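Below, chain A partners chain B and then partners chain C, in two separate complexes.
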Partner chain A sequence: MSAGMNERKAILGEPGVPQLMALFAILIVFSVFAPSFRQIATYSNIIVHSAILGVVACGTTIVLISGGLDLSVSSIMAISTVLVGTVLINELPIVLAILAGVLVGALCGLVNGTIIVTTGVPAFIVTMGMMGIAKGASLIIGAAKDMSIFPKSFTVIGTGLRWPGIILAICVLIIFFILWRTRLGFNAYAIGGNSTVARLSGVKVKRNQVIYYVIGGFLAGLAGVMYTAKFDLATPNTGDGWELQAIAAVVIGGTSLFGGKGGVFRTVVGVLIIKSLETGLIHIGLGSFWQRITIGIVIILAVMTDSLQRKSD
Partner chain B sequence: MSDYLIEMRGIVKRFPGVLALDHVDFQLRPGEVHMLLGENGAGKSTLIKVLSGAYAFDEGEILIKGMKVDILSPLDALNRNLRFIYQELNLVQQMDVARNMFLGLEPTLVPALGIVNKRKLYSLAKEYLSRYHMDLDPREPVENLSITQQKMIEIAKALVAKVSVLVLDEPTDVLEDQARKELFDIIRKLKGEHDIGFIYISHRYAEVHQLGDRVTILRDGRRVGTWPIADISLDEIIEKMTGGKMGYQSPTKAPTMSGIALSVRDIVREPKLNGISFDVRKGEIVAVTGLMGAGKTELARAIAGIDHPDSGTVSIDGKEIKSADASDGIRNGIAYMTENRKAEGLILTHSIQSNYALPSIRRLSPLGLVEYRTVGAEVDNFMKKLQIKAVGRNVQAGYLSGGNQQKVVLAKWLGTSCKVLLVDEPTRGIDIKGRAEVYRILEELLNEGVGIVMFTSDYLEALQMGNRVIVLHRGAICGEFARGEATEEDILRVAIGERDRGCS
Partner chain C sequence: MKRFGKMVLVLLLCGLCFSTFAFAEGHGKGGKMLIGYTGFAPTLPFSVSISRGVQDKCKELGYEFVVLSPAETKAELQVQALDNAIIKGLDGLVIMPIDARALGPSLDAAQKKGIPVVVVDAVVNHPSVLAFIGTDNLEAARMAGRYIVEKTKAKGDLLLIAGQIGHPNGDKRLKGVKEVCEAAGMKVTVRPTDWMTDRAMQYATDELQANPKISAIFSSWDPGALAVKQAAKSLGLLDKVIIVGFDGDLSALKAIKAGEILATTRQQPYLMGQSGVDVLSKVFAGKKDYLKEVLIPGEMIDKSNVDKYLQ
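Right after this comes the complex of A and B.
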């Protein structure tokens, strides 16, 4: 029914058509200029590489929509990884390892959110502090341990396209559903749009904000689990720089850095844009230094578009 | 040389689906105060934004002193000595008067290094202030000054650079009567002494004849006409603005229902509220008025549960309620329409529908899932009932005119099925037609048995709308009048503390 479509459009904003066009343009350009890029394997690899960042970025999406910011996701991945590794090398059940990873993530999110809403210290500072704390903790836990060679039944959840793809799809659909249909999601847009209006309209702003940080932390923890499985390695160096990549993916996708607008499918497009660029640049012979430059430019362009749009509003 | 400072010829401005300005002509002479009038949405603001370079226009031309010019950006407008003063204050609160006046134009010791010549700065500021008859200390931090004084500094700031045209967009909306008179005095002196042309936009029609030399009226994006002020009466102005559609007054009836809807007892919140008690019956509208700073908004916030009183109680339907925040007030049937529509009432970047659903979201999502079909149906219903003019419920609230925005805020609170509605300055910045519609909606609510408290600094509005008028002075009730018992002057005397009718 068309009414349903309209509501969705009204809440989630227009689908990110320019971003989709940009993604296809990138794929076409690389396919034309790099014959090695022009293979099914490359395209499926892009999705494989996108899965873990995608899971992190799902959480970042809801945090940013609600007007928040979480810089600690990279360190949450690291502490999740070393906990998962510790559980596994002690030959405890795999389920316990996964639980440890996601719960420590949720706990970090809970601490982030609680401090932010009770003290009024800006999210930028609190989550930057958490970035250091979680990183330090994971270095202590993971110090001088070579945690690798995990059971195959564990590494499969990070290997190849199937399981990472399924996990990403589930995360995207759940976050989409939260944003699209639930009160929790409705409140996220309202709080990000104008938290004073939301509060005066009876929304429990603080309680909701804590929940968004918990979701963000949980998904970062899950990404840590996937990372451990994918590389069959638990090291505290996991996740360095991923917080910026996640924010970049969300913003490139077209979710507003300033809150109140956006959606999770856009984030998937943003992740794919980043990963296609990374992969494509390798195929035309430009290394990781060029990747950084290119992605830096893309981020600035994306935020510029967002700011210009705000102005015209 | 042309006789006109500014001449706008056949200006056309289109927005998607709307012809905002339809071949509008406008001329401003040096040394005149030109009142620009029209209802919300008539095109006043659009015309000013075209002049300021904020909007590009589609057809027409602008001449300054007879020369055709392009004004492509706000900077162009500044360079052509046009200055704009808007309703909101644009001063750096932490800096002093002189620094604000000369912001970006500071006299320097060594120009290349940008080192400010402080002595010269303050002596220049002093000179300007006295030239424009403003009795202010250049070293006073702006945050210590009253709103009126800040407004004057804005004007002084505009005059520091060479200025030939000064546009004032609803400058007095936030000012008290006395302050308004001071501002008018300054404008009169300036136009006489400096040949500046003023364009003055206001919704306070009493100002038109006090201040204006000529008046231009816009309606639906077209110019109705321009008249010397002596040739047109207030009634004629109103008729031309509305097209004769709407009367001016909207008196309310006596309350039709019995029973106490809201009971406020001994509310104290230092330092603003010093023990306030009153009752509101079902179907009754009580107007609470007083000077700025008398405690109107503080009282409303305390009743709504947003700020915690130090002591005192609030009861709805005889039941005392304890509020930790706004959500408790809403659950118990209190709706609070804030005075600041744009910052506190609406999420401007969100749709009408989202704004509507916000305070009712618990009801509209019984299992945590938002029932958008119900939401949509309710919004459509209210848009029809309140005559909200928009293409549909998905239009962003920020795109609506002030009157329509206020109706969306009303709809949003009506959706909560409140028993008590607190409205804070419900018609500020809204044109006559919008006002009449807001009043009509409030009256309908009274018929449904809602108790309304109207917080307003407009004494006339208080007298017209209130079954009773309560006057606050320094956080206490210093006077209460029944309908028809008082004049504006009576209220003013109590409000300024001149006549004490037994402050409670």
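Right after this comes the complex of A and C.
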């Protein structure tokens, strides 16, 4: 295993240092220019608003590292949330609601992965199709319904910092463990780097790829559960645009869009960068249009950095 | 050694960030009052009108104004902007809820910080809300329903393009129009769109093609009415169906003048924004003589009176 670790360090390179420095730069700049930024409440608020995106992005991280792509996570969140809502308004146990949410996510991931590996159709297309299917299903189940005001014992997992923070931390640590200490995780880098070489080296590429999509789907489903708890409502509008947000967070954090490199702590940094920017701009007094421009610029810079790093490898 | 050096650097940077807490300044009470407005994304003219109302009144009273509306109409973005603004520090909030059900924790935070909150347009049931100013949506919808019945002579079916089920105004508009038209004997088909204009166009196209008996289409908001108009136009049915909207947007008024849609139900968003700031100014002065709930009646606008509002 230690030989594998050295190989891995060679593959990964330095652990996301430029991005971490960028995060600090952002925080310091806002602290200088916005007097109201300088409070603990600001930082805890950043984490509160990062939690759900962070959970989705953990799944996106492992999918991207393995060379895959999942555009359907937004719709997985939607179908997860309407199923959770349906279970709860029928006064069934909360545990059942949570299971419904995460399992439908895992199921969507399973379907995605299976179709991708058996048909060879590009992940972009397959997951785009699943995006439509899951969204349509969520509309059938949840449109034109008022599913809200859920039991406090459920919404507590989405309220404030404690439970969302704990759930995020657990997801990050589990994905980290998978990537760093298991064959499954190591294979992700191999497959993402060069899947042909991986296959010839004896890696069960197809089977592993399906598992990565299942993990991504499961986490998207979990994000849907957390969203339902946080906002105390279940509508099919949930998750719109989140697939791109998650990819943006992963890429900004320093995981390569093309696979083979990256890590989940980098993704955490990426999410924090996005949310710190959004928060800081409010403290400075700039509106939401500026947020979108800024984040768009940051994404381009991040991908440029990734490209330059690849060229120098 | 290198790794140790990196960790020290990270700790130093963290320390630097946290050391700024000593120099924190929330929004000071000494300066001008800062009022924040948040509503639907500025792509909705109705919300922009409220915003202008708030802004102009703030200017008149010498308050500072900040817009907190998200770039996309999503409940979670409104909550995020609100939470950050509350931490930053505000003296007053005028809120047009995107989804009233999602605002609980943010309003709790505002209450804790003693920030007065006025809600416009859609009702929010929360103890921290000091006043509500909005259109009497139910009555206005009934009025729209009666208008539709009058203009169609109760012949044919009504397609009701609804907003979001669970949104208080969407529900009231749906109820008001539906009950009046059904009582007159019209068959009413309801298609909820979650306030998305592309869905309005899609459903209108589908229903118009499937049901030749549709004589009237009501849209719960003007952008939806304009989308419906496009759908009817592309099917060549613009002269066979009457289209009635809700809001009173300038774009709808222009369409009425051009004869493309028949009427809309006027709201007064600019007035709502101004009234919201009026309430806040009374709160700042410690007065309590404001109404907790102001319901503004709607008004039908069609070709007969559209010129009055097209200035």
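Just so we're on the same page, the second predicted complex is superposed on the first by the 300 of 313 C-alpha atoms of A that agree within 3 Å, B and C clash if a C-alpha of one lies under 4 Å from a C-alpha of the other, contacts with A are read in each partner's own complex, and residues count from 1 in each chain.
Definition applied: a contact is a pair of C-beta atoms (placed from the backbone, for glycine too) under 8 Å apart; a residue touches a chain by one contact, two chains touch by 3 or more.
Just so we're clear, the structure is a prediction, and the values are computed from it rather than from any experiment.
In the superposition on chain A, A:S288 contacts chain C only, with no contact to chain B. In the superposition on chain A, A:T235 makes contact with chain C only, while chain B stays out of contact range. With both complexes placed on chain A, chain A has more residues touched by C than by the other of chain B and chain C. Looking at the shared chain after the overlay, A:L20 reaches chain C, while chain B stays out of its contact range.
In the superposition on chain A, none of the residues of chain A is touched both by chain B in one structure and by chain C in the other. By the touch criterion stated above, chain C contacts chain A in their complex at residues 6, 10, 13, 16-18, 20-27, 66-72, 74-77, 79-81, 83-85, 87-89, 99, 101-102, 104-105, 162, 164-166, 190, 192, 194. Taken together, the chain A residues at the contact with chain B in this complex read 3-4, 6-7, 9-11, 181-187, 189-190, 193-194, 196-204, 260-261, 313.
Chain B meets chain A in the complex at residues 304, 306, 325-327, 329-331, 336, 338, 343-351, 353-354, 357-359, 361-362, 365, 368-370, 372-373, 375-376, 392-394, 396, 398, 412.
Remark: chain A residues 17, 20, 24, 27-28, 31, 34-43, 45, 48-49, 143-149, 159-160, 227, 231-233, 235-237, 240-241, 278-279, 282-283, 285, 287-289, 291-292 touch chain C in the complex.
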